[in-house]
Structure formats: C-alpha cells, structure tokens
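Down below are the structures I want you to see.
Common to both upcoming complexes is chain A, partnered first by chain B, then by chain C.
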Partner chain A sequence: MSMELTLPNQLGYELIARDTIAAFARRLGMPMDRIDDMKTALCEACINAMEHGNLLNPNLRVQILCHVDDDRFVIEVYDQGLRPFVPPPTPLSIVDKLTGMGSLRGMGLLLISQLSDESGFVPRDEAGNCFRFTFQRSGAAHVCR
Partner chain B sequence: MLEDDLTVTTRDQDGVAIIDLVGDVTTFAEDKINNAYREVTNTGARFVLLNFRQNDYINSAGIAILIGIVTEVNRNNQKLAVSGLSQHFQKIFRMVGLAQYADIYQTEEEALSGFDRFRG
Partner chain C sequence: MAISDDPAQEPLDKVIELRLPSKLGYERVAMDTASSLARRMGFHPDRIESLKTALSEAVTNAIEHGNQHDEAMKVVVLLTARDDGLVISVADQGQKILPQEHTTPSPQIADVLERSDKGGWGIWLIRELMDEVEFTTAPSGGNQVRMVIHLEP
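Right, the complex of A and B next:
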C-alpha cells in the first residue's frame, strides 16, 4: 500500500501533510502515540526539505511518499535540492545552545531520530535530497531512546 | 505561507506571570512570545508560567524560541514552569532537554502550587 503527496514549498503546508498522513496511519491501525511521533517527525522532515533543501524557494515542491507493508510504515520526503543538505555531525545539546555555542535551531533531525525507529538521508543519483524515516507497525517495537 | 495561528496573552495569578499560548508554536511565534515575555519581565515578574493548550503544535523552530526564553529566564534569575502540554509534547520537551530548565505540570493549578516552594 502506498500514498503520495506533493506540497508547495511554503512553511505551514507541512501541517496539511501531517493531518493527511495521520488519517492514513489511523486507518491502518497505528497506535495513537506512534501517530503523534509520526506527525512531529513528518513536520520536521518537511521543514528541513523546505528550508535547507529547497532554500525556501516558493516555486519548488516537496514530495512525500508513504509505503506501508505488514511490518513497517515508511515515509520519504523529497526536495528539489538546490544544494545537498549536509547535517552537522553532532547536534548541539541544549546546554551548548544556552551557552551560546551555536544556533538555537537545528533540533529537527534529533527529534526525527528519537521519534522514529530508523531515519536518514538516502543517496540519490539525481538532484534533490531524499530523507527516509520508518515506524514499525507494532507499537511495542518502539523504545524511546 | 499559511496563516499564523497563535494567540499569546498575559495575566497575573497569585504573583505568577502566566503567558497563555493558544495555537501553533512555530517560527512565526517568535515576536509574540518574546514580546509577552518582555512585558511580564518589565513588570518585575519573578515566576513565569508558559501555559499551553493540550492540542497545540510545537515544532523545532518553536522549541528554539522557548530555549531563547530559558536563556533570558536564567539571566534574569526568574523561575520558569510549563503547563498544559499534551503527553506527546511533554516527551518532546524531555527529549530536547527543556525539562531540565522548566518544571512541567499537567495543569495551571498544579504549576501555581509548584511555584510555592520558591517563595521566601
């Protein structure tokens, strides 16, 4: 089973995608707490695609693909990559941020990695970034890291 | 961009400056939240409560704004607490470390009681 969405590259549209994916996940019987995790992770992935991949260019698009099988709910977020997104090797902690060692932003990937069961950029031959994150369909499989 | 959907108001309750946040806490919330915080700080608030509504949406940009508030709270020797977060966002606040700097309560009433231990 699969589903595809295409969004304008404008902040705020990630909420439309969030509500759509949540409705899809509910119909597939995902537990509510995992759907909450999925909603936050999806919004963060879309914001990264809009801000860092598509550089807030309103003429570009963000594409979301969902693939669901018996075991996993897989979401891929594609941008049209004006430049490859290179995340920092280690995200700053809140202590670092409070002591002025870096931007207060930049917690999106951290949240996605904590909320999903697997996440990361997928190498591509063509232009654009693909970020994939996965949720086990058995809620018991997830351990909050 | 889609319409900004956040209402921020302030009030005083038993010596606690309450900042009510109704709506989405995203990058668009920065001015509203910072202005509300400055307003209560300028009136001498020592105790500050960020009071959320259960179904709000808070993203990483919103969390960054709240980390900025923590920085100011520490600088101004105030005490900060948070109430009204859903279980999901309580978990998010713990994940990013905000819970180290602000006590998290289910309700406004519990938060107001929680400030009592700091009163001299």
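Right, the complex of A and C next:
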C-alpha cells in the first residue's frame, strides 16, 4: 500500500501533511500514540525540507511518499535539493544542546530519531535530499478502522 | 477572480497533490486533507462538511467506477487554495469512462426505489453541495471532476 503527497514549499503546509498522514495511518490501524509520533516527526522533516533543502524557495515542492507493508510504515520526504544535507562531524545530543554545548538549532533530526524506529538521509544519484523514517507496525491492528 | 478551465493551469506553488490507492476507505484520507486545508483557509464548519461529503463521493466514484477497485491504480486529488475559494480536482485512471449523460443526473426518488441498484446519487449530491462542478477528461485519459467551493467574505 502506498500514498504520495506533494506540497508547496511554504511553511504551514506541513500542517496539512500532518493531517493527511494521520488519516492514512488510522486507516492502517496504527496505534494513536505512534500516530502522534509520526505527525511530529513528519512536521519536523517537512520544515527541514522547506527551510534547508529548498531554502524557502516558494517555486519548489516537497514530496512525501508513504510505503506500508506488513512490518513497517515508511515515510520518505523529498526536497529539490538547492542545498544538499551535510551531516555535522560530531553530532550533539539534545541534552548537550540544552546545556549550552551547541546551537539550539538542528534538533529536528534528533527529535525524529527519538520518535521513529529508524531514520536517516538516503543517498541519491539525482539532485535533492531524501529523508526516510520508519515505524514498526507490530502494534498495529492491521485492519482499517 | 476568474476560475481557469484547466486544473493544470493552476499556479503550482498553491497546489497540493495527493495520490491515493484505489481502495474504499481511503477516501477518508482525502477528506481529512481537504478539511485541514479548508479549516485553515477560514471556511465555515458547515461548508467544510459539504466539501468532505462531495469529495468523498467523487473519490468513491473514482475508486469504484473509474479504477474498478484496482488497488494498483491511483486516484489523484489536487487541492488549490485561492483567495476566493478552494478548487478540488479528482481524477482516476479511466478503466471505465463515465458517459456524459451520467454527469448531469436529476434522480427521482420514486424511480430509484424501483431499481435494484440504489446508486446514482453521488454526482447529484456533488452538484448540490459545490458551487461549481465540471466533468472532463484527465490528462491521463481517465475521468476528472473539478469542483469549486467559494470562500464567502
């Protein structure tokens, strides 16, 4: 089962994506607490794509792909990559950041990693970043409600 | 503001595109997406309910009739927020082209009750609930319904 959503690259549209993904996940029987995690993680990923990948250019688009199988609910967020993601050499933890050891910016990826079961950027040959995060479906009811 | 005849001419920077599996139940994803956008645009809750009902009918028609319940086929929903309203387009992949005479129905309750098939109310309902409705052929060759709901000042 899969679904695709493409959004204008404008802050605020991530809230629409959040409601779309929640409706899709409900259909697939995901538990409500996992849907809440998914909504927060998706908002963070979309904002990253809009701000950092697409540099707030209103002519670009953000694409969200959801693939679901028996085991996993996978979400991929694509930008059009005006600026490729470069991972920091020594990433700080949220605790480090909150205790003043680094910028308070950049917590979105840390938050997504805490909320999802797997997350990370996917290497691509073409332009644009792809950020993928995954939720296990072990707690899902596997029925449409 | 004039409404263009071709959904493809809507400014891309305002268009949300949703591609759903052709499986009954997933029309709810489209309904929640449209509701979320309409709420943020300032539509009255009654109008949002009308929009959800019309969109549900349009997507259900696309799943059942256009795509013949083939889950591999997609239903494409385009939502465009404009200053004066919301434009919604629903397209299928056209396994079964909708005859023109089916797009302008005025079903009579007595007639429908006589038939074994009690369907056929969806398009009538869409026309009742939306401010503008147009049936065309999608760029993919399937059926497409374009609906507009006006945002009242």
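Keep in mind that, in the parts below, the second predicted complex is superposed on the first by the 123 of 145 C-alpha atoms of A that agree within 3 Å, B and C clash if a C-alpha of one lies under 4 Å from a C-alpha of the other, contacts with A are read in each partner's own complex, and residues count from 1 in each chain.
Rule of thumb we're sticking to: a residue touches a chain if its C-beta (ideal position, glycine included) is under 8 Å from a C-beta of that chain, and two chains touch if they have at least 3 such contacts.
Remember, predicted model here, so these are calculated numbers, not experimental data.
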Legend entry - Partner chain in contact with A:122 - chain B first, chain C second, else both or neither: neither
Inset, instruction - Check whether A:43 is in contact with chain B, with chain C, with both or with neither, and answer first, second, both or neither. - result: first
Inset, instruction - Pick one for A:15: touches chain B only (first), chain C only (second), both, or neither. - result: both
Legend entry - First, second, both or neither for A:3, with chain B first and chain C second: second
Inset, instruction - For A:97, select first, second, both or neither according to whether it touches chain B, chain C, the two together, or no partner. - result: first
Inset, instruction - Name the residues of chain A shared by its contacts with chain B and its contacts with chain C. - result: 10, 12-13, 15-16, 144
Inset, instruction - Going by the contact rule at the top, pick out the chain A residues touching chain B in the complex. - result: 10-13, 15-16, 33, 36-37, 40, 43-44, 47, 93-95, 97-98, 103-108, 110-111, 114, 144
Legend entry - Residues of chain B that touch chain A when the two form their complex: 1-3, 24, 26-28, 57, 59-61, 63-65, 67-68, 70-71, 74, 86-88, 91-92, 95-98, 100-101
Inset, instruction - Can you check the complex and tell me which residues of chain C touch chain A? - result: 12-21, 23, 25-26, 28-29, 31-33, 35-37, 40, 71, 74
Legend entry - Residues of chain A defined as touching chain C within the complex: 1-10, 12-13, 15-16, 18-20, 22-24, 26-27, 58-59, 61, 144
